[in-house]
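Residue numbering begins at 1 within each chain, and the chains themselves are lettered A, B, C and D in the order written.
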Amino acid sequence: MLARNDHGRGNQEGHPHVTLTQHAPAPRLPVETSTDQAVLIVHGRDRTGIVAAVSAVLGKHDANIVSLDQHSDNPHGGAFFQRTVFGRPGLKAVLPQIERDLQDRLADGFELEYTLRDLSVPKRVAIFASKADHCLLDLLWRHRRGELPINVAMVISNHADTADEVRSFGIPFFHVPSSGPDKSAAEAQHLKLLAGNVDFIVLARYMQILSGDFIERVGVPIINIHHSFLPAFIGAAPYAKAKERGVKLVGATAHYVTEDLDEGPIIEQDVVRVSHAHTVAELQRRGADVERAVLSRAVHWHAEDRVIRHGNHTIVFP
Amino acid sequence: MLARNDHGRGNQEGHPHVTLTQHAPAPRLPVETSTDQAVLIVHGRDRTGIVAAVSAVLGKHDANIVSLDQHSDNPHGGAFFQRTVFGRPGLKAVLPQIERDLQDRLADGFELEYTLRDLSVPKRVAIFASKADHCLLDLLWRHRRGELPINVAMVISNHADTADEVRSFGIPFFHVPSSGPDKSAAEAQHLKLLAGNVDFIVLARYMQILSGDFIERVGVPIINIHHSFLPAFIGAAPYAKAKERGVKLVGATAHYVTEDLDEGPIIEQDVVRVSHAHTVAELQRRGADVERAVLSRAVHWHAEDRVIRHGNHTIVFP
Amino acid sequence: MLARNDHGRGNQEGHPHVTLTQHAPAPRLPVETSTDQAVLIVHGRDRTGIVAAVSAVLGKHDANIVSLDQHSDNPHGGAFFQRTVFGRPGLKAVLPQIERDLQDRLADGFELEYTLRDLSVPKRVAIFASKADHCLLDLLWRHRRGELPINVAMVISNHADTADEVRSFGIPFFHVPSSGPDKSAAEAQHLKLLAGNVDFIVLARYMQILSGDFIERVGVPIINIHHSFLPAFIGAAPYAKAKERGVKLVGATAHYVTEDLDEGPIIEQDVVRVSHAHTVAELQRRGADVERAVLSRAVHWHAEDRVIRHGNHTIVFP
Amino acid sequence: MLARNDHGRGNQEGHPHVTLTQHAPAPRLPVETSTDQAVLIVHGRDRTGIVAAVSAVLGKHDANIVSLDQHSDNPHGGAFFQRTVFGRPGLKAVLPQIERDLQDRLADGFELEYTLRDLSVPKRVAIFASKADHCLLDLLWRHRRGELPINVAMVISNHADTADEVRSFGIPFFHVPSSGPDKSAAEAQHLKLLAGNVDFIVLARYMQILSGDFIERVGVPIINIHHSFLPAFIGAAPYAKAKERGVKLVGATAHYVTEDLDEGPIIEQDVVRVSHAHTVAELQRRGADVERAVLSRAVHWHAEDRVIRHGNHTIVFP
């Protein structure tokens, strides 16, 4: 087994060489298993003593701190943010007790919120898509390759076009048409499908506006991806406007959805270089490449609790 | 129809809005059609008068120059390289005559080679792959979206794993096992499959060394992709070595295959930032992202005759 | 001498090694001399035959085409742009005749503009600055290193702070205070200093608005640099706003100045990655790094006639 | 005063506007003052309880943790690294006691090293240079602008060329010729100049090899910058070789100097895109731009104790 393992790795990493068998199962890059690990996010006001309190609780339970990131937005009385990954053999058994102890220690004297999550249980996600499939497929591929620690519970689309493709990944596909200005019927269906089944939602180029009512009732974080430009072009046909102004960079922004359309906290951004020689269609294609890269990073980080929302921005420990 | 078209574009580019029908066929980004256009590559020694000669021939046939790039590697008697795209209505009918006239004009007094190609006929490609599917799928998916002006004639793999996936794109898949040090049987089969059917070959993470004999006999350009590092790590397990040295960038290089393994003319390169926090597996994943991006650009440029080989390097008009 | 030259180059490029003398003059990277070369920009409507006409004229005078870039913004009757660098021994003597011949050939039947310039004569520039010196010093230092083919005629500032520094580069410094809302006195002084002395102006973080009247009367191109964000933040304190929204990229845009403040044709853009851990001051510093890089590229390209303005955008042949 | 301050900031960040006075001192971007803050680096084997121990000591002294980064290279018994910045009013007075308490708490049961440093005292640096001044001047400028929290104690060069320039920054310049293969005399002089005066050394394109004996005797970290390529080109004239191979990226690597020339732990790397159109001289210029950017980041991070050496790589908390 070891030998085959080594061999597989040699194939991935090194120069080509002879392979000894054609019948081994397709190697997938190993998913980063996080058995026996949990992540704790602490987010609040007062910070003197919090690190010590958390450490003491973890130490008492023989849990090792695997990684610890902390950020203060102002050394003098600002907000602070801490992400701690810790582990120990048999963590599942002792996690409830760790939670109770944290509750006891952090309840008094600290103004803060915290969340504790078992990393061996991937977050469940619903992906919303329309006709453009580049972001959707990129997520499904990465998931199949073991790159994304998520559980894709379902894909919901207002178009049926991608049904076969999605189902070929072994993932349920639901077609929920959404024509006309009144989306309440469609959104009611969405809520029925989602209720209790997902931990977050990804809008993978979903071309419908979500109502404020839906956002509130669905009750889980929603990640969106949209193009972004230097400088920004608002309204219809942004790529045509960008071409007219001769932009040299095309970009994309992943953010959490709030009621302010496209104005929620930014999770990730990136750009790609373009030139006068590119047509509007080529700008769109390059933009699509950036969109899928940026969205996949945002989903990855959210799935591992690496993103903390605060006001209208985020703290990201990538 | 026009209205629907506009509507679809609005969806792609702009903010989400209500769509009126669920039954329209899945919109694909328009393939850059190059009907009635041809590309002329001129590459040689002497250059005074060449531009004029080419222009005169094209002018005589009422052909418009759509784009023209030229590069001299040394103003004083070096090599020069010219890529001209030109067009006119009904080009197909007159192209043979244009070719004859170019032949007449460029035959005398110029030491040069030239190639003329009808851009409405996409180049035919065979993609070679092994088990890792990220580069293979990226090419197939871009092709399906209309982003790559190529005709994927076949996929050849030494593993059967990706057969279903490849065929779901409507592309023939051939499984040619290649075990043991003697590859002559496998290569003989490759040559039989390829003969007369392809204009170039892409090694999309194909984990077998091609023999010099094969490279010579196949007679078409071969594009390969491999990782590259700053500084370079040679031999097995390069990502582990890169991790040990603490590199901050991981990269990929697409190049033409020559008998000098991984030393042929570079077409394209790119890198992605990494940190000490990334595991070897994560370095590999990020490397894989760069590989597919770099390979798709190299294939795109080669397909449009934007890459000219010269000595051990390339001139790229991207 | 050759030996010493080689030796010096070894120092620049290779691994450290013993040097034989301490008394050689400080080596500067060689300025790309363009003796006996000229650049021709042709920009217009009709293009069939133009390349041939230009080539014929150059061929008649035994001038070699060193580089040739052409761009059509629409193959079917759009605008086209051509940049040709050509050379021959003793070019200066024959350039007026070449110009007359081009005039004859291009005057009839073509709707176009063209400019011809002797590349051995660098463009003269005035740099306007205020207190922030990062862009100003970067330009002066690159100029001294021989990297920028410009002649810095003068530096004009509304503050005296950088006077010594500028003069240490051997460049005239003029202090033109510009307080109060009425800038006409200052602008009158500017016009007097500039008249006949400069070919273009660079605003290197010059913190004064230029009046439309000044822009018109000065009659030479003006290049400006300003920050740019994803998404854009308008008005005062943009970095503070960018921090509040949690942007992950900070950028800069170099553009030609028009009466629409900060809305003129873009020459170059770039970005740098930032995170939640950066203070507003750190965002500014990183922004300043991008500003100087972007501005120096824009100035370089403008100085070599690599930028063609068209409508509200540019064609850049970098 | 406040008003002027606001006004100055408006100038830096926002659109140009009228300034009211010419006589204010040149505004410098504010140096990040770290009065009353210290940085603690802990680096070792066993980690259970360390975070708690450190927190307890800091809590006892009413010190706030401003930022905390931790990295484990292997959750199961690997090395771990922690950088903690903490502060309290009047820190200087209590720092020795904090150190003693840390000593007591961390001495037993933990295999680790730690260093504690008062952040209000910038590290003292000697910059070594030769003739090329781009890295040297970049550091001096950034330092003058308040961007680098360092104290430049001296510049040492084997050439006298940059003496005036360096001294115009108010910094001592020492010319130590170093001709011939025997560097022992020069190195003896270096050691005399450096002894007790500096906390680290930066080789800003210093074109002399340091002997192993010097590295050992000088006893402070040494940071070097050198070009790096994809793939690497070893030996003389690397840019010419890179051009011959047609690289599309040019890069630079900053690393700690060890006896293995150019093989020490990497601190930072970056690249810039190039093309076939660039001459060898242009490749060098672009390389120089990357070199100064990469070196300044490495110096910045080292100055703030953001880089921890471990084996032949680094942990960087940027």
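The working rule: a contact is a pair of C-beta atoms (placed from the backbone, for glycine too) under 8 Å apart; a residue touches a chain by one contact, two chains touch by 3 or more.
A quick map from chain label to UniProt name: A, B, C, D = Formyltetrahydrofolate deformylase.
Quantities reported herein were computed from a predicted structural model and do not represent experimental measurements.
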Check: Which chains contact both chain A and chain B?
Finding: C, D
Next item on the list: Can you grab the rotation angle between chain B and chain C? Superpose on CA, round to the nearest 5°.
Entry: 180
Margin query: Count the C-beta contact pairs for B-D and for A-D, then tell me which is higher.
Written below: B-D
Notebook entry, point to check: Approximately how many whole Å separate the CA-defined centres of chain A and chain D?
Noted result: 34
Item checked: Rounded Å distance, chain B centre to chain D centre (Cα mean) -> 42
Note to self: Residues touching two or more other chains, restricted to chain D: which are they?
What the structure shows: 67, 71, 277
Note to self: Which stretch or stretches of chain C touch chain A in the complex?
What the structure shows: 71, 73, 228-232, 243-249, 251, 253, 265-266, 268-271, 275-277, 311-316
Checklist line | Of all residues in chain D, those that touch chain C in their complex | finding: 9-22, 25-27, 29-30, 32, 67, 130-134, 137, 141, 145, 147, 158-162, 168, 175, 177-181, 206-209, 226-227, 235-240, 261-262, 277, 279, 281-282, 284-285, 288-289, 293
Margin query: Under the stated contact criterion, what part of chain A meets chain D in this complex?
Written below: 37, 47-49, 51-52, 55-56, 58-59, 62-72, 75, 82, 87
